[in-house]
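Each of the two complexes below includes subunit A, the first together with subunit B, the second together with subunit C.
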Partner chain A sequence: MTRESTLPKPASLPAKRSLMRPAVIGIVAVALLVAGGQLPDFRVSQIASMLIFAIAISGLNLVAGYGGMLSLGHSALFGVGGYTTAILISEMRLTPLSTMPIAIALGVLVGALMGLPATRVKGIYLALVTLAFAVAFPEFLKRFEELTGGAGGLVVRSVDLAPPAWSGFDRFERSQWMYWLSAVVLVLCLFLVRNLIRSRRGLSITALRDNEIAATVCGVSAARDRISLFAISGGITAAGGSLYAMYIGALSPELSFTVFTSIQLITGLIIGGVATLLGPLAGGVAIVIIPAVTLDLANGQAYGLVFGVVLIVVVFLLPDGIVGRLQKMRVFTGRSQSAAHTST
Partner chain B sequence: MHTSLLGRVVPTVSVLALLTAACSIDDQGSGSSDDGGGGEFTVNTENCPDPEAVTAEIGDTIKIGWSAALSGPVAATQVRVNRGIDARLKLYNESQKDIGGRTIDFQMKDDGYDPQKAKQNVAELIQRDKVDILGAVGGGQLAAVVDDQNEACVPLLNSQVGSPEWRDVELYPWTTSYLPRNDMELIASTQLIENEVEDPKVVVVYQQTESGTALRDAFDDAAEGTDLEIVDRIALTTPSDAASSARESGANVLFNATIGADCLSVPEAVARAGFEPELLIQPSACADAKSIYQAGGEAMDGAILFAWTVQGLDPAATEDEDWAEYAAAVEAIDGDPQDNYTILGWSLMDIIIGGLIEADASEDGLTRKSIIEVAQTLQYEPSMFRDGIPWSMSPETGNGINKLQPLRWNAAEGAFDPMGDALTLEAD
Partner chain C sequence: MTQLIERLSDGLTNGFVYALIALALVVVFKASSTVNFAQAEMALFTTYVAWWMTTRGISIWLALLAACVVGFIIGAAIERTLVRPAEKRGEMPTLLILVALFTAINAIDGLIWGLEYHSMDGLFPAGLDDYVSVASARIYYEDIGVWAAAIIALAVCFMVINKTRLGLLMRAAADNPASAALSGINVGKVYTFGWGSAAVIGSIAGILIAPISPHQLSMATMFPVLIYGSAAAIIGGLNSLGGAVVGGLTLGLAESLITGYVGFIGPQLHQTTALAVMVIVLLVRPTGIFGSRRLERV
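Moving on, here comes the complex of A and B:
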């Protein structure tokens, strides 16, 4: 064997491989989406709701996964997006799509507000502070009854939620429209999260999570990075909320955005895989599909028991979540993950 | 540190989940009957996704699919309503079959009182199960499904919702509701208060829920232009706090704008607080004599309820043949015939079956179109309704129950005493 044969492979090979992977993933994703769109309408609608929750979980993943800050207040951010869209459609007669940027902007603002305490408190105390947002949000909605419909909630008529003419979908194809719209938004959100985490700011965020003292000694601004992380997370979660309002058409402070919604999002994140890019997608599937399957198995009060047992089993068997486990098995990469992307 | 935090949260979330678990019209006629209902109604099927399916005659099996809370905090009441529904269906399927010999296939999907699940359930019922008739329980749930169901042109009959919001036949021609309209019921309540109390000063205790605030607002509207003075509106946090505030309000009438467990807990707290209003009025949803009025003992004495069905604890009501048929059917499925929620469920399905018989006898035969056209104008005498109170649906009001009988609870006798004649409900 010559000495040359033991040299590292040419630099061009990893570059080719890095182009191949996204291309293959992209083709598979598009093929899956097209196949999903061929399913019966009620299944397409179900998948659309999975994608919407995946977006919201993706927002939570930024803070709780990559940032290491447990937030119990993301239901409020989800609700900010939902109510902004519903109010703008029903009161100001805006088109659903045109409400999304405003919903996201408000989500960013409220997210930044929620992130302010993160500069002072950590861990379970931060969780408690964010919980206050989740608890206060429904009460806030009830208080501003003129705007939000109060406890009676807000209803957006389906005629106002019809797909735009350019989409090619008619009013009976709203499920298809929501499916494709949610898919596009999810892809954009995942792309944003991926690039953020791989950026210098992302490295700062994970460094703060893993060793705050070392990170700050190296010049990382904990306050700036944490607030901006909460703000971006708020924008993504509000985008999910905006889509949720378009999907469901009826919002209620008691039923739509409660503390239970926060628990749902956290559950999805844990099942899917904390601090993994695709974990929120698996989590969205889990929090929509597991209840649906367990409802088929056990209608009535037993459903909740079965759901709880399934959750506990999943958590015990897959402590890293579904995607975390697959990553450990090197299913996606064929190599182990970087510490930053797997550490929780 | 974050790892151990999430590690602590994982089992907590799981246990929390476990604990949470455990615990388009074209035109309408102008005719109406004396009871406020009737008339003519024609539904436009041109905009339906499959107009031919809407006018196609239904085969040997009528498929009915409901979305309701079979789990979660409100499931206990729904389960009692369901016993009445099941008993009425069993009686039909086993010994009647007078809808052209057809069998009724009834399925209920659990939505856990979650609008998102209700929406998914209704989509499945329409598209996969291809049901002929739908049902939904709760305002939030109906709000989430009503547009989908109307666009699909599948009748949704007798939704268990008191709000007038979904009864606009021009917006929701394929939807009917069972419960009396809140606004009309509360006009009757204010009339009763004016008749019974001199210089009425009313305190309203309301739940901070969709139904609670709807009742509060409807009472406000009903009181406008009357002699009633609403001295305070108290949002229910704890019953004892609400009772103390009510006592301090200087009111002589209490309207308990709550449903569920608070139908009992608020009057009990009021009695404990030493507040003795001249009138305590409960909404018609606080219907069950056994679990609310009998259980409340002296605290419930004199409480007023508006009713349209017979009361299970009324000895006179339980002597006729209709009662015997009902009681036997309910007992056959191990239900309690005296449970008023079961009587409500029985009556609800009795009205649907009555409408289906009429639709089957119509020129078009039994089709989705004929079902909704009959349902929007149905005149019927449900067996468990009180004498003199028929089901008389009008597309103009969207209301089938147009009379309510005020009843006063007599704790010593353990029964309700009727207060005069039934009151006719009027829209504002």
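Moving on, here comes the complex of A and C:
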């Protein structure tokens, strides 16, 4: 028996492909984005940061959602993307956009490195290994101070972050530019995630999560799939980090890239919905709104507490997350999702 | 030579504290098969409680006792109300709850006691003249006190676990929950007690480290201790009490010697080094040096 015949076709493939659904989704999405772009500048900027976190979370979603491996190390991948972009802009005088492929490539590399242990250890042990990356990253930033600015951080001049001429935005419309850029990157990432999960590789990844032994018996290579999953996840999260650097312009190890950032991303993913395509988008919105709302509470110190409490509440009361819950209620059209896509 | 002895003495002091936290993690692991990410933050909370009591003029020893009681209650309550219900939902939800507690407890400390650094009086005399000379190196009473306190705490733990009926129940419930329950042990209560005791061990560690920590008593005091403690527990083997102690002491000594003598790592890559050792141990021997493999039913 060949390997081809042992695996069933992904159940989610529709019987007949209609262009209606993608067309409607596309039009609604573009309409929403255009409407969003009309908001006041600070709102546009806020939405841009939501989109950026949504990108980072959709990277985490691959590993933690579809792969079932809790990673505490995605702050490091986010940071690899951010610092690569910031360093290349200020040291090598590259344009912001051209640093992105390099940031993504490094994210893929570090992601793969993080995935290596995943072939040997799992569960809490893997969580600890990924925690090691999260803790090591700020320490490395401080160790290689001449490149990274150390504890003081790195500031990119805003002149260097101006939108490119072809975009039609001038340098005072940076939030508009970041908004559209993040939206396009997010759509590309979600498209990638969707297709990956619907592919044969995606099926073996979810099979590994649901029953490793059964999947391996069917010929799935746990090592290959887990490493490549971490690598792609690293690339996506690094893309988010790269955009974050362009967006924020100033990076510091203690503010943006500690294990707390990982916890934020995880919280966002859980709120949005683990192993759902649009969960990361809802999660990105949530983790931008939570600090903004709690800013007035107790001098803004309450927000670590709010993150913790929200995470606990969601785990117990809304385990499928917002999008997962909506999907179960069949809010998005009548077509039911395949079990492989919604189960955790 | 003088410097070496002083570095060893420093390393031993930290090592004992790491060993205590590692021990607490092992006790929790034996009960719930999970690593309590919030262990060190729980300890930080009770350390703050003790510090707050000393600022009210209460003796530090009494404050230690109070911190242990508060710790026990918090530990037991967390197990009963959050961890056990989460365990029914699987490994990932349990981890998420612990990660959430890690952030939440730290934030609560900041909300109650503020972000500033507090200097805390130790349990032992800490004057500049309180030392004994060994080969012209100074070993401070403070360090000797930490060693003694840690040794006593560890000895009591081992006695309780290995020589008392309560310890027998704990070992039975950890080894085989189903059989333990069938022989009439209330496994749930034993686990709750385990979490409570782990928090007591943590409280002791917190009160020992806060006076000598570079962060003094602040929100950042216990995070490095968690990192070293969990690395120590993994290196020793997550289900081995003795391994936790060996792991903790080894890491403490290694930390101080490596920082002192290996230039590349220097003062910045402290935690990274400990974690790198942990990752290597995990990859080569996932059960740690003294741990035993848990068999999984397919």
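Just so it is clear, the second predicted complex is superposed on the first by the 302 of 344 C-alpha atoms of A that agree within 3 Å, B and C clash if a C-alpha of one lies under 4 Å from a C-alpha of the other, contacts with A are read in each partner's own complex, and residues count from 1 in each chain.
One rule holds for everything that comes next: contacts are C-beta pairs under 8 Å (C-beta built on N, C-alpha and C of every residue); 3 or more make two chains touch, one makes a residue touch a chain.
All figures in this text were calculated on a predicted structure; none of them were measured in a lab.
With both structures placed on the common chain, the touch criterion links A:311 to subunit B and to subunit C. Of the two partner chains placed by the overlay, neither subunit B nor subunit C lies in contact with A:29. Once the two complexes are overlaid on the shared chain, A:213 sits against subunit C while remaining clear of subunit B. By the document's definition of touching, of the two partners only subunit B reaches A:295; subunit C does not. In the superposed model, A:155 makes contact with subunit B only, not with subunit C. By the document's definition of touching, of the two partners only subunit B reaches A:40; subunit C does not. In the superposition on chain A, A:136 makes contact with subunit C only, not with subunit B. Once chain A of one complex is fitted onto chain A of the other, the partner contacts of A:266 extend to both subunit B and subunit C. Judged by the touch definition given at the top, the superposed model places A:222 against neither subunit B nor subunit C. Between subunit B and subunit C, B contacts the larger number of subunit A residues.
Comparing which residues of subunit A touch subunit B with which touch subunit C, the overlap comprises 64, 68, 70, 123-124, 127, 142, 260, 263, 266-267, 270, 301-305, 307-309, 311-312, 315, 319, 344. Taken in their complex, subunit A has these residues touching subunit B: 40-42, 45-46, 49, 64, 68-70, 122-124, 127, 142, 145, 150-153, 155, 157-159, 171-172, 175, 209, 248-250, 252, 254-256, 260, 263, 266-267, 270, 274, 291-292, 295, 299-305, 307-309, 311-312, 315, 319, 343-344. On the side of subunit A, the complex with subunit C involves touching residues 64, 68, 70, 72, 117, 120-121, 123-125, 127-129, 131-132, 135-136, 139-140, 142-143, 213, 260, 263, 266-267, 270, 298, 301-305, 307-309, 311-312, 315-316, 319, 344. On the subunit B side of its complex with subunit A, the touching residues are 1-3, 5-6, 8-11, 13-22, 49, 70-72, 75, 79, 108-110, 112-117, 119-120, 123-124, 126-128, 139-140, 143-144, 147-148, 151, 165, 171, 208-210, 212-214. Of all the residues in subunit C, the ones that touch subunit A in their complex are 33-35, 82, 85-86, 89, 91-93, 95-97, 99-108, 110-111, 115, 227, 230, 234, 266, 268-272, 275-276, 278-279, 282-283, 286, 298.
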